[in-house]
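The following blocks contain the structures, represented as structure tokens.
Consider the two complexes below, in which chain A is the common component and chain B and chain C are the respective partners.
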Partner chain A sequence: MTAIETLARPAQRIAWQLAQVRGIAAETYRVKSLMLRVANWRGHLPGQHVDIRLTAADGYQAQRSYSIASPPEDEPLALTVERVDGGEVSPYLVDDLRAGDHFELRGPIGGYFVWTVATRGPLWVIAGGSGITPLMAMLRHRARRKLRAPALLLYSSRSLDDVIYREELGAMVRADPDLRVVHTLTREQPEGWVGHRGRIDKALLAEAGFPPGQNPCIYVCGATPFVEDVSRFLVELGHDPLTVKTERFGPSGG
Partner chain B sequence: MSGSVQDLVLDGNAAAGLLQEIFVPEITNAEIECEVCGSTARVGALHLYAAEMGVVLRCTCCDGILMRAVHTVHGRWLEMKGTRCLRF
Partner chain C sequence: MDETPISRGFRSRRLEQTPKNRVPPGQHVTTDFPVLSAGPTPQIKVENWNFALQLGASLLGKWSWAEFEALPQTTIKTDIHCVTKWSKLDTTWQGVTFDDLLKTVGLGEPPTAYVMAHCDGGYTTNVPVADLVRGKGMIATRYEGLPIAPAHGGPARLLVPHLYFWKSAKWIHRLRFMERDQRGFWESLGYHNYGDPWKEERYDGD
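And then the complex of A and B:
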């Protein structure tokens, strides 16, 4: 039994613990990845998240959930955070946090929005903006395990500069003939852009995606309206709602 | 962001941290049966309405309230009046 299968049935209390920032990587002009050391980390599954809790000097606490971006195989633990302007937590995480700093974290949390190489069928992940994060953990896990089953990332970003993990995704595709990455840029396209433009619609899902007959495992992550639209289109195209797992990023105040 | 009520809907998965303070087995993969319409779903797939103090989880078929959970300074509250059963 591998670590992945063992982790599939956790029954352990999740407790707050301290995470230490080991490094920070800029992903885009408004997104950073935090590399963390968590002393008693018991491993995680791709797609799971953590809760982060910040406490002000006067005792006021703010709590947010962030998806884990790193695969179970990798250390340190990586979270990818987008700055929500005017937010309570994300501007601190993105702009103020420095290597060596600590904050409180608990996890891993959630067993529903999870994919591992033990899951059968093609993997189809659909991301809107920073919704790529938990899906990247799945794609990285798939790459580490060298799984030869078809996979597709359909990724909607505002502009090319907003594409998170752009170079890593390009390298993944070059190294893996079974992986396809399809970008669409909704607001601004560079000169000579030959990729898709505009939001993900039914036509793009039908053209780029796996047909329902191939029984893909589908994971959709992004802002609530994005997830609502995409999941509705998928069901209209004939995909079984039970095969479409969704994770909505709400306006939680960042 | 249009700011409509629909934008506030999340997935049951997002309540995992709060519910996991109460349940020992992993909760988002548990099957939950609606008392009103009898449909079954994974807790992680329910519709979630979240606020700072707690969450309301609703059936995706009939919109019935299945769970309400709040965490206050006076303790944790979990109401499951609309739930027939949970299976882990």
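And then the complex of A and C:
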């Protein structure tokens, strides 16, 4: 994480643009993907996010950040949003928004939690719940480019019904022998579940993950306690902290 | 864009209205304390901690934890504003002000106009000296009267609360004076070089 100390350079403001909702896909009972048309989208890298701004009829505005779920290769731009109960923006996006609606958006934003096929080493992404979103952009990008460097998704969900992109991930694994997807279900497991149970712990990271000697690029995304635990375990297992990139969803993210 | 589009059906769901002069544009008030860091939280023991003031090749001062704790302590109550849109009101911090650090090393005037904060894990952020003097910046070691939790930057973090909170660098161990401004970590990755929340200087070019 060495700083790139450059001189100030001419900067162009990332302008607000109009995003039009082309379609909405239900991912789980509390998560939807918004398919957006953004007229002058300048492209993005997997892992980046956007800011969105909603304006009420009385002029009240609210801004939030959401990770981009779609890879750079795809159109429309997809955001995946989880309803945070009691939240102000996510319940509107998940429950009220309809195709044809529009809102303001600007981006892409963020240049650190980013992975492209040009990055060396195995890709290891570790998701807690809706933390899968920016990681899915990486996996989709990898799939579009038909990259055959090894990749692993370790994905913690509350129950099978909470697994976002479940079918797509299954299809990805079937089409790609170099991709592994390991699920763990923390609260509820269906009858006959043979996968992992409970939270991601050190033993699961050691058993399922790449060893430090393979120099994986590791991305961890989820709620703050999840990311704190997983990233600490990874460092304790011998992974260099500089290879572990994190994105934490605060409880006020709604 | 010229005209702000109305989001059909969207309305405020806030129960309390916070006075506008407390919350910068685009921010909303939170009562919890979200954590945002680029990597794993370093677990730093105070026995191994030290803090240094650096100018060029020389150290102006270096303190162990015990020595730092013996410096004049200041407590401030302030609002903080994270670029990820949350603001937290009336937070209380204790630590050593930048003014007192200068005094302790015998400097009447700051030697340069800029500093780079260096932190555990390689994180850096640049701040103009003018934004640290006259009580505006400190090295904080207590939050709400208790040691700062590692996830929130403990044992010590820079506190520059009038700028977006990424400037209040966690796990700080060195302040380096610079003749000319250079960009730190987030400033090199598309975030604004200065970061005034009241002007909504979130990203480069804002």
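Note that the second predicted complex is superposed on the first by the 241 of 254 C-alpha atoms of A that agree within 3 Å, B and C clash if a C-alpha of one lies under 4 Å from a C-alpha of the other, contacts with A are read in each partner's own complex, and residues count from 1 in each chain.
The criterion applied here is as follows: contacts are C-beta pairs under 8 Å (C-beta built on N, C-alpha and C of every residue); 3 or more make two chains touch, one makes a residue touch a chain.
Since we're looking at a predicted model, the values are computed, not measured.
Once the complexes are laid over each other on chain A, chain B and chain C cannot both fit and instead clash.
Applying the stated contact rule after C-alpha superposition, one finds that A:14 touches each of chain B and chain C. Contacts of A:60 after superposition: chain C is touched, whereas chain B is not reached. Within the superposed three-chain model, A:214 lies out of touch with both chain B and chain C [touch as defined at top]. Look at A:235: by the touch rule set out above, it reaches chain C but stays clear of chain B. When the two complexes are overlaid, the chain among chain B and chain C that reaches more residues of chain A is C. Working note: chain C versus chain B after chain A overlay, options 5-13, 23-31, 41-49 or 59-67, clashing stretch identified as 23-31. In the superposition on the C-alpha atoms of chain A, the part of chain A touched by chain B in one complex and by chain C in the other spans residues 11, 13-14, 51, 65, 109-113, 224, 228, 245-246, 248, 250-252.
On chain A, the positions that touch chain B within their shared complex are 9-11, 13-14, 49, 51, 65, 106-107, 109-113, 223-225, 228, 245-248, 250-252. On the chain B side of its complex with chain A, the touching residues are 1-3, 6-14, 16-17, 20-21, 24-29, 42-45, 50. Residue ranges of chain C in contact with chain A, taken from their complex: 1, 4-14, 26-28, 30, 32, 34-43, 84-86, 116, 121-124, 151, 181-186, 188-190, 193, 202-206.
On chain A, the positions that touch chain C within their shared complex are 1-8, 11-18, 51, 53-58, 60-65, 87-88, 91-92, 96, 98, 101-104, 109-113, 224, 228, 231-232, 234-235, 241-242, 244-246, 248, 250-253.
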